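Both complexes below contain chain A, partnered by chain B and then by chain C.
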Partner chain A sequence: MITGYLFYMLAFLLILFSLGVLMHSSPLFSSLNLVGSMIVLSAMYYLLQVPFIAAVQLIVYAGAVMVLFVMVMMMFDLKHEIKIFSGGFISNAIKCGLAGFFAFTIGATAFMSTEMISGSAKVKTEVLSVKSMAQLLFKDYLIEFEVLGVILLLVAVGAVALSRIKGGTHAS
Partner chain B sequence: MQVNDMLAVGLNHYLFLSAIIFSIGILTVLLRKNLIVILMGIELMLNAVNLSFIAFSHFSNNANGPVIVFFVMTLAAAEAGVGLALMVTIFKRFKVVDISIFEKLKN
Partner chain C sequence: MGSDLVEVLINSVKLVLIFLLMVQLVPILVWVERRGSAFIQNRYGPNRVGPFGLMQLLADAVKFVFKEEFVPGKGHKLIFYAAPVVALIPGALAFAAIPLANTFHLEPFMFLGESWGPYDINFQGYNVGIGIVFILGVSSLGAYALLLAGWGSANKYSLYGALRAVAQMISYELALGLSIVGAILVYNTFDFHSIIAQQAGALSFTISGRELGIPFLPNWGIFYQPLGAFLFLVAAFAETNRLPFDLPEAESELIAGFHTEYGGMKMLMFYLGEYGHMLVASALLVTFYFGGYQLPFVSHVMIEDMLKSFGLGINMANVLTAFLFFTVFMIKCLIFLWIYVWVRWTLPRFRYDQLMDLGWKTMLPWALANTIVTAVVVFLARI
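Entry: the complex of A and B
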């Protein structure tokens, strides 16, 4: 019962913060709204009984990634944008219509398929422990874990290489 | 009874919320001009997918979902790193972070 109230409150906040990312004219306030949506999403993970993922969401997203965004934003001279949306009225209307159609399709599919929620006996009641998750991570998903490490190394090298190049495709 | 039905939050509530957040992310990518905000839209879409992974895992009593969410988070951090490095390069070259510079292909 209390979970239902919490879900609706968090969902309302999440949609509000996401719309703030879309609508705010200053990129700094967009990023603050994104931080808010990350924190609300972390609370929602706690509601879904995966506290480890909630903590990782707070540390990695709201901590690391958003600090990266704000630090990069510090290097630019950003003002309030006068015209925040690209394109004309007709193309924007087409884009909005397509996104709305997408949301409608997914939502209708979710509401049609009632079979999974009626089997509520399968709903997990115990909290996912870090130990069982670590066993999955280091036994079943070991190769993926190592590949992810290689990807992170490549990304570190690539970011340094990208920040060092001077030229571009355009002639100066 | 009606209120109790609404308060029994099931899988499709989470999927519906995830679809809404994903659409807002798509709209951010499609509509905004600023490159940083476009990258934020991509993060929003990744988060929506993470939410649906966790919801599926919770409602089918399967522990594989959180592991995949863990991988997606790592990839999102990597993607933000490369994207922001590209953005710094673009800013150094063109002095703006705006997709309108890509409209003209020459000079």
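Entry: the complex of A and C
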């Protein structure tokens, strides 16, 4: 009963924050809204009885990744960026086109998904404990998990390498 | 929430009390900080207002309330106001999830002409079920308060302070998290109650089937994870932005860092957040490495039985025991809070590159090594 009300409240907040991410002209406010939506998402995970994933969502995304995003945003000249982004015929045309495409996608998804829900697709309802999750990660999907780790490491090394290149756009 | 009226009432009162406990500890800590620094530097400190200068706190509170509201002209008003509030939330949420005393049992009792109970009451704001992971998650949000303050003030020094603070907090969060992993491996659980229960009695452990023990030492985590405890302590200093890691507000370089533009109640809320973080760090240290709310060698059943033998009722004995354990927990916490003050006025500040070197090149490898060695030992001991 209370859980149901909480779910709708959180879902409403989540939609609000997500719209904030899309609608704000300033990238800083967009990323702050994204932080809000991630915190709400973590609360929803907790409501769905996966507290560990909720906490990991908080630690990794809201607490580390987004902090770095916001930190980098603060070092830009945001007024300049907003000015470039929010003027001119071509950019307006692109924005209207994207908005139309977005609305079409949502409408099409809503239209198509009514049949999928009425089908016999069953949702797994078992509660995922930390232990069973660890067994999935480190036993059943070990190779995929490790490969993902290596890819992330490659991305990090690549980013460092790119930032050290002199020349190109960084030529002084 | 609770199943009936009394339980809901108790839970609500508990939440408010724990929040007030955290908030009310701050003025006392500020007084300890000032008098302690004076004591360490061979000065008097605030000693004019009331006995030992204690009334200075009230005078400060009045001053904070009546200070002028001020928002920098080029700053962003919403963010400027939001930052102090955000600073207060993580500490309060995290502290409410730490158990402050043993779970006590209430036999059925009469209240307002009706019979209520029996209840089992946690001396804890709420029990999330994943204990330490929740606290790490919530307190990692503390960085936003500093970022928002730095950006909302539209001040170079504030922004520098905020950026420094966030870089520092993210770097040391890794070492902090990894230093706890060793303890979690030893206890084999996330749950605080279980962690504290495992630290009862005298030091004893099993290695490959043989029982070893040292009867005169308590079974505390510090004896299993000395390196982890030390790394946790150091990382907690960095996370709370205290000296020797107070680069974010280094007054000789940045005026006051991220809270340069703040005054009055808004600055007080930053203080509350910082001391709240200190309190959470001390409470975690006590819970993980120093037996939590337990008295060494004495279980709560023993004290309850002793109180009952004095002729007290069961409920009264249980409540009194819980309060005794709560006092023990707070005393342990206060000892660590005093260590914070002591270190602040003893060690000088690091240079920024030294800080980053210490975080990434010293603490992280040691924490990793501690985790790996603990994992191997725990694996071998459980065969």
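By our rule, the second predicted complex is superposed on the first by the 117 of 172 C-alpha atoms of A that agree within 3 Å, B and C clash if a C-alpha of one lies under 4 Å from a C-alpha of the other, contacts with A are read in each partner's own complex, and residues count from 1 in each chain.
By our rule, contacts are C-beta pairs under 8 Å (C-beta built on N, C-alpha and C of every residue); 3 or more make two chains touch, one makes a residue touch a chain.
No experiment lies behind these values; they were computed from the predicted model shown.
J.: For A:75 in the superposed arrangement: first (chain B), second (chain C), both or neither?
T.: In the superposition, A:75 touches chain B and chain C alike.
J.: Touching A:157 in the superposition: chain B (first), chain C (second), both, neither?
T.: A:157: touches no partner chain.
J.: Let me test your reading of the model: by the given contact rule, A:35 touches which partner, first (chain B), second (chain C), both or neither?
T.: Only chain C is touched by A:35; chain B is not.
J.: Once the shared chain is lined up, is A:130 touching chain B (first), chain C (second), both, or neither of them?
T.: Touch partner of A:130: chain C, not chain B.
J.: Once the structures are superposed on A, label A:67 by its partner contacts, choosing first (chain B), second (chain C), both or neither.
T.: The answer is second: A:67 touches chain C but not chain B.
J.: Once the shared chain is lined up, is A:52 touching chain B (first), chain C (second), both, or neither of them?
T.: both
J.: Look at A:16 in the shared chain and tell me whether it touches chain B only, chain C only, both, or neither; answer first, second, both or neither.
T.: In the superposition, A:16 contacts neither chain B nor chain C.
J.: Does the superposition put A:144 against chain B (first), chain C (second), both, or neither?
T.: first
J.: Tell me the contact category for A:27 with respect to chain B and chain C: first, second, both or neither.
T.: first
J.: With both structures placed on chain A, which of the two partners, chain B or chain C, ends up touching more residues of chain A?
T.: B
J.: Using the superposition on chain A as set up above, list the residues of chain A that contact both chain B and chain C.
T.: On chain A, the overlap between the chain B and chain C contacts is residues 52, 56-57, 64, 68, 75.
J.: Quick check on the complex: what are the chain B residues that touch chain A?
T.: These residues of chain B touch chain A: 6-28, 30-34, 36-37, 39-41, 43-44, 47, 50-51, 54-55, 57-61, 63-64, 66-67, 69-71, 73-78, 80-82, 84-89, 91, 93, 97, 99-100, 106-107.
J.: Taking the complex as given, what residues does chain A use to touch chain B?
T.: Within the complex, chain A contacts chain B at residues 1, 3-5, 7, 11, 14-15, 18-19, 21-22, 27, 30-31, 34, 37-38, 41, 44-45, 48-50, 52-53, 56-57, 60-61, 64-65, 68-69, 72-73, 75-76, 78, 81, 83-87, 92, 95-96, 99-100, 102-103, 106-107, 110-111, 113-114, 116-117, 120, 122-124, 128, 132-133, 136-137, 140-141, 144, 148, 151-152, 155-156, 158-160, 162-163, 165, 168, 170-171.
J.: Write out the stretch or stretches of chain C touching chain A in their complex.
T.: Listed in rising order, the residues are 1, 128-130, 133-134, 136-138, 140-141, 143-144, 147-148, 150-151, 159, 162-163, 166-167, 169-170, 173, 177, 190.
J.: Chain C touches which residues of chain A in the complex?
T.: These residues of chain A touch chain C: 2, 28, 32, 35, 39, 42, 46, 51-52, 54-59, 62-64, 67-68, 70-71, 74-75, 130.
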